[in-house]
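Some structures are shown below for you to check.
Next come two complexes, and both contain subunit A; in the first it sits with subunit B, in the second with subunit C.
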Partner chain A sequence: MAKEQLTAREAGLIQCLDCHLLTAKGHGIMETHCPRCGAKLHFRKSTSLARTWALLISSLILLFPANLLPIMTVTYLGEKQPNTIMDGIEHFIQSGSYFIALLIFFASILVPVFKVMGIILIMISIQKKWKTRLRHKTLMFRFIKFIGRWSMLDIFVIAIMVALVNLGTLTAIVPAPAVTYFATVVVLTILAANTFDTRLIWEDTK
Partner chain B sequence: MTDDHQMESNIPSPEMKPRRGVSPIWILPVVALLIASWLVYKSVVDAGIKVTIRFDNAQGIEKGKTRVICRGMPIGVVESLTISKDFRSINVVVEFVKEARKQLRKNTKFWMVAPTISPKGITGLETILKGNYITMQPGDGPEERNFVALSNPPPIRSDEPGLHIQLISDGLGSLAQGSGVYYKGIKAGEIQQFDLNDQGKVVIDVYIDQKYAHKVKKSSRFFNVSGVSFEGSLSGFKINTEALSALVMGGVAFLTPEEGKGAKDAVDGDSFSLFENRDLAEQEGKRITLLFDDGKGISARTQIRYRGVEIGRVLRIELNKKITGVQVTASIQKRYRSLLREGTQFWLVEPQLGLAGAKNLETIISGTYITLRPGKGKTKRTFRALSAQPTSLEPRNGLKIILVAERLGSIKADDPVYFRQVKVGEVTGCRLSKDATSALISVDIEKPYAPLVRTDSKFWNVSGIKIDVGLFKGAKVRTESMQSILEGGIAFATPGKPSAAKEDDKFSRGVLLDESGSRDNAKGGTSAQAHPPGRPAKNGARFILYDEPKDKWLKWRPKIMLGK
Partner chain C sequence: MVTSQSNPKTIDPRGLIACPECDLLIRGTDPGPGVKTLCPRCGCTLFQVKKDSIERTLVLSLAGLILFVPAMVLPIMTLDAMGIERTSNILQGIKALFQDGFHMVAMVVLLTAVIVPFLKLLLLFYVSVAIRIKANLSNPALGFRFYQRLDEWGMLEIYMLGILVSITKLTDLAHVSYGIGLFCFVSLLAIPLFSSVTFDKHQYWALIGRSADK
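The block that comes next holds the complex of A and B.
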């Protein structure tokens, strides 16, 4: 990456985030809109850092109930057995389904935590103006953005199980409170990744 | 902003104000925080109580699955299982719902419920599907977090609604924990536990269901109904059994003899004695002691009857302390206790075979029994039994007269008294006069025949056969009736028409022996000469008993209207 590169912002240009049209910076204090698609134009996503922080903190808080509360209740022969995410994984390991256990562990526990931690790391590095490994950080962020949606896997597994295993009192699976918290965490982290403006990473890096 | 300024320097710069306020996005973490703190608060408030219960054996206990159920409601779950260091017990950590906090006290008891099949029925069937569970019985004492589980279900707590009473028995018999307590064949409770007391008796704790508790009165009697009881005699055969489960498991039944308004309900802690069987329980009442000279024919269960009706039973027969007699302990039903008074006479009724006929033949089959003649004194508990039936079974209310004889002859109590060979009375007793110069025979003339006895009546002994053999007058056999030949008896005649009475002064004077006063008899003596026969004799009048009648007495034929 060559130094002294001219950024679009320095050149007085704004890219529309929706249709990617490059336009000249507007005049005065008037709001600028994309001449092609009509979207509002910003040099950077407005209040990106604050929004991302808010979403991250929310999801960080909700991670705890999502993991500590039971995510589903298995009724087997009339006996209710609440299961947290970890209980489910443990169950799969015990029954020998290591792959499924690994998958669920990855999607439901590792990824949300990794996402939250990763974005927080990037945000801190921006605010503290740490200028090292910027490229790695960008790669990580892309990965986070890509992997984030897979966390919904657990929710889908439960949704399918609830639909499939429903034999009345004999065997039934009912979602438990943690499902809501877990889904909220996933959605919030996806939103956090979206509100974050990657260009902020490269700000002032001349 | 700086760019703007450079490019449009002639245009007034806008006022630059720092952005104010906080982005509404921050509501989100606040909401998340609120939710989280609410969850934390809830988990703290709802936090279970962890309790360690030591079991001998963890069979059927599963971590996270085995529950603690109280009255059918799960109130805790096994959180972890660890074996003690010495491998002798299992420590089970149970997490209880917070509502259980107040009930986890020192005397709280825990035990495992497993399916059991017994003659009582199948219990704990639900555990087959759901697995064994731990159940508890709340107790008192300070709060406690470490318990030792019981190996068996404990007895029902004394503050459980229902009645908690004790039965005292000499032996446990075939009773066991869980044996039923029956009332009219309905299971009303069960035996909780038993123990020996200081006196060496067995004390059985019994729990009666609330529903039937009011059926137990202070006067209720409990008796053993375990197994089958056979009672056979020539008069019948009886098989008793209460309920099938009592047959197998043993059981106790109770009856309440006085089930009226007056009967007081039993209260917790009352003790009752446990009778061996229903008969004994029914007969239970006042305990009396009878002193016999001889215990022959008496056994435990010998009946005590009054006027042929059973009023009690002999419970025990033993020699007295000095071995000089027999001491019989008997029980008289409470409602007949008024019979137990000073003067009450008891004696044993045995079959009697004699020339005069058989008496009390029924006792050959039903066994001997004890009967009594009630007295009139104060209530009493210890009686000296008579060796034989007293002279008169019942107080007679006929005419009582006394005959004076030189010798008693073969007269004895119960001998008949005849008038024209019709039995009109009985000898009630014989004794010597105070100065031992004569024999006194008490006679009771039945009421309707009392007017036959006049102050001038003549009495003679008709016992045996009188054979009078003379060379010229030939043989003469005189007898009253066959019974009198065998048993002896007394006959009497009263002077009157149609034969003209020519009374010997000497005999008239005999009539004057009347104890009530010589004046009366003097009058009677004079009137005896009159044709309407003499004055009616009064109670206690004395007559001479002749050995044989004079011929003219036999010809007397007075006309006397009999009483009613």
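The block that comes next holds the complex of A and C.
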């Protein structure tokens, strides 16, 4: 049965990724734009692999300063203490908030790393033409795309704490350099998931 | 499913849909309200017809627009420590980041927690009015495309989780109380939740297409 399946591209049809309208190639005046919504039409997202690689490699590099440098400086009763993401998680464990510790660990460490590694794995499998486990790869990507935004959690927590905990020079929370790196990683990985075209996984798989 | 026995040259796109994730061609059928159609090859949700999608979304987006300003401006929580009281809302958090010199991070928070969520509600309202009340509003297609592109950059629900984490973190340090802004914020948050239940983008596109044909 698999041999009989036809993709839109093989049928000479282009799907608009904004409104999902199918258009026959060479439909006339508005050749390169969708006749319904006006979006640019491509059989596949243009230079998808190159763009995704560029974004992923940048995120991979920035992951190091994001995790190793302090993300905020906590001053408590005059005592200054720089905190990395991992330090913050340790604090939660020590104070007994295991659930929050786990949540931050997932959102700030596991998800960004898993996301970058996961997409890299899918990209390599496309370029090496490994044509197995296609459905798993699609499912994994769908999951990565869904979960990626939640890494913003730590940034929001810092934005809230910085405004609230500002009790003069004695007790205050001030953001530290890693916050910029971390925010950049989150933005870049979301962009990477957007430039990636899942249809490449299924290309020439018959 | 479309088979290769049909001659490619005679394929008519009408009545066909393609899977957005794997490009498989499928004969579109109308399964009736509430039924989910999945791609037979990759398992992607192709569409799910929903009841009164546009009317409900119209009302929900209007409610969201009304709640938006109080949710942003009223205090979300108050910290009381050593005789000093500090109240905070989303905008103050962004201001604090900006004053500490983290301009880029402040911009990212401003975009994902304020501007994009507001634009999303506004665009959804605009497009719903344009296709439901049939006012001669210009270019609902562009508005809806913009809405779809912005969709994942609105992160209010993640901000909410951030509030919860902060509360847990701060209760050890000081007394934290909740402001009226938090209730507006939670209500505002419920709107995308409800609208994702009633929201059917394919119906929007079908109607946008029909009004463009006239």
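The working rule: the second predicted complex is superposed on the first by the 200 of 206 C-alpha atoms of A that agree within 3 Å, B and C clash if a C-alpha of one lies under 4 Å from a C-alpha of the other, contacts with A are read in each partner's own complex, and residues count from 1 in each chain.
The criterion applied here is as follows: contacts are C-beta pairs under 8 Å (C-beta built on N, C-alpha and C of every residue); 3 or more make two chains touch, one makes a residue touch a chain.
Computed from a predicted model, the values in this text were never measured in an experiment.
In the superposition on chain A, A:R36 makes contact with subunit C only, not with subunit B. Of the two partner chains, subunit C is the only one touched by A:S95; subunit B is not. When the two complexes are overlaid on their common chain A, residue A:K25 makes contact with subunit B while staying clear of subunit C.
Of the two partner chains placed by superposition, only subunit C is touched by A:V165; subunit B is not.
A simple residue count on subunit A separates subunit B from subunit C, and the partner touching more is C. In the superposed model, A:S59 lies in contact with subunit B only, and not with subunit C. Of the two partner chains, subunit C is the only one that A:R149 touches; subunit B does not reach it.
When both complexes are overlaid on chain A, the residue A:Q15 reaches subunit C alone and has no touch with subunit B. In the superposed model, A:F106 makes contact with neither subunit B nor subunit C.
When the two structures are aligned on the shared chain, A:V179 is found in touch with subunit C, with no touch to subunit B. The interface of subunit A with subunit B overlaps its interface with subunit C at residues 12, 184.
Residues of subunit A touching subunit C in their complex: 3-13, 15, 17-24, 36-39, 76, 92, 95, 97, 100, 103-104, 134-135, 138-139, 142, 149-150, 152-153, 155-168, 170-171, 174-175, 179-180, 183-184, 187, 190, 198-199, 201-202.
Contact residues of subunit C toward subunit A in the complex are 1-6, 8-9, 11-13, 16-18, 20-25, 41-44, 77, 79, 81-82, 84, 86, 88, 90, 92-97, 100, 102, 104-106, 108-109, 112-113, 141-142, 144-145, 148-149, 152-153, 155, 158-159, 161-163, 165-166, 168-170, 172-173, 202, 205, 208-209, 212.
Interface residues of subunit A facing subunit B in the complex, by the touch rule stated above, are 12, 25, 27-29, 47, 50-51, 54-55, 57-59, 61-62, 64-65, 69, 77-79, 81, 181, 184, 188. On the side of subunit B, the complex with subunit A involves touching residues 3-4, 7-8, 11, 14, 23, 25-26, 28-29, 31-33, 35-36, 39, 64-65, 129-130.
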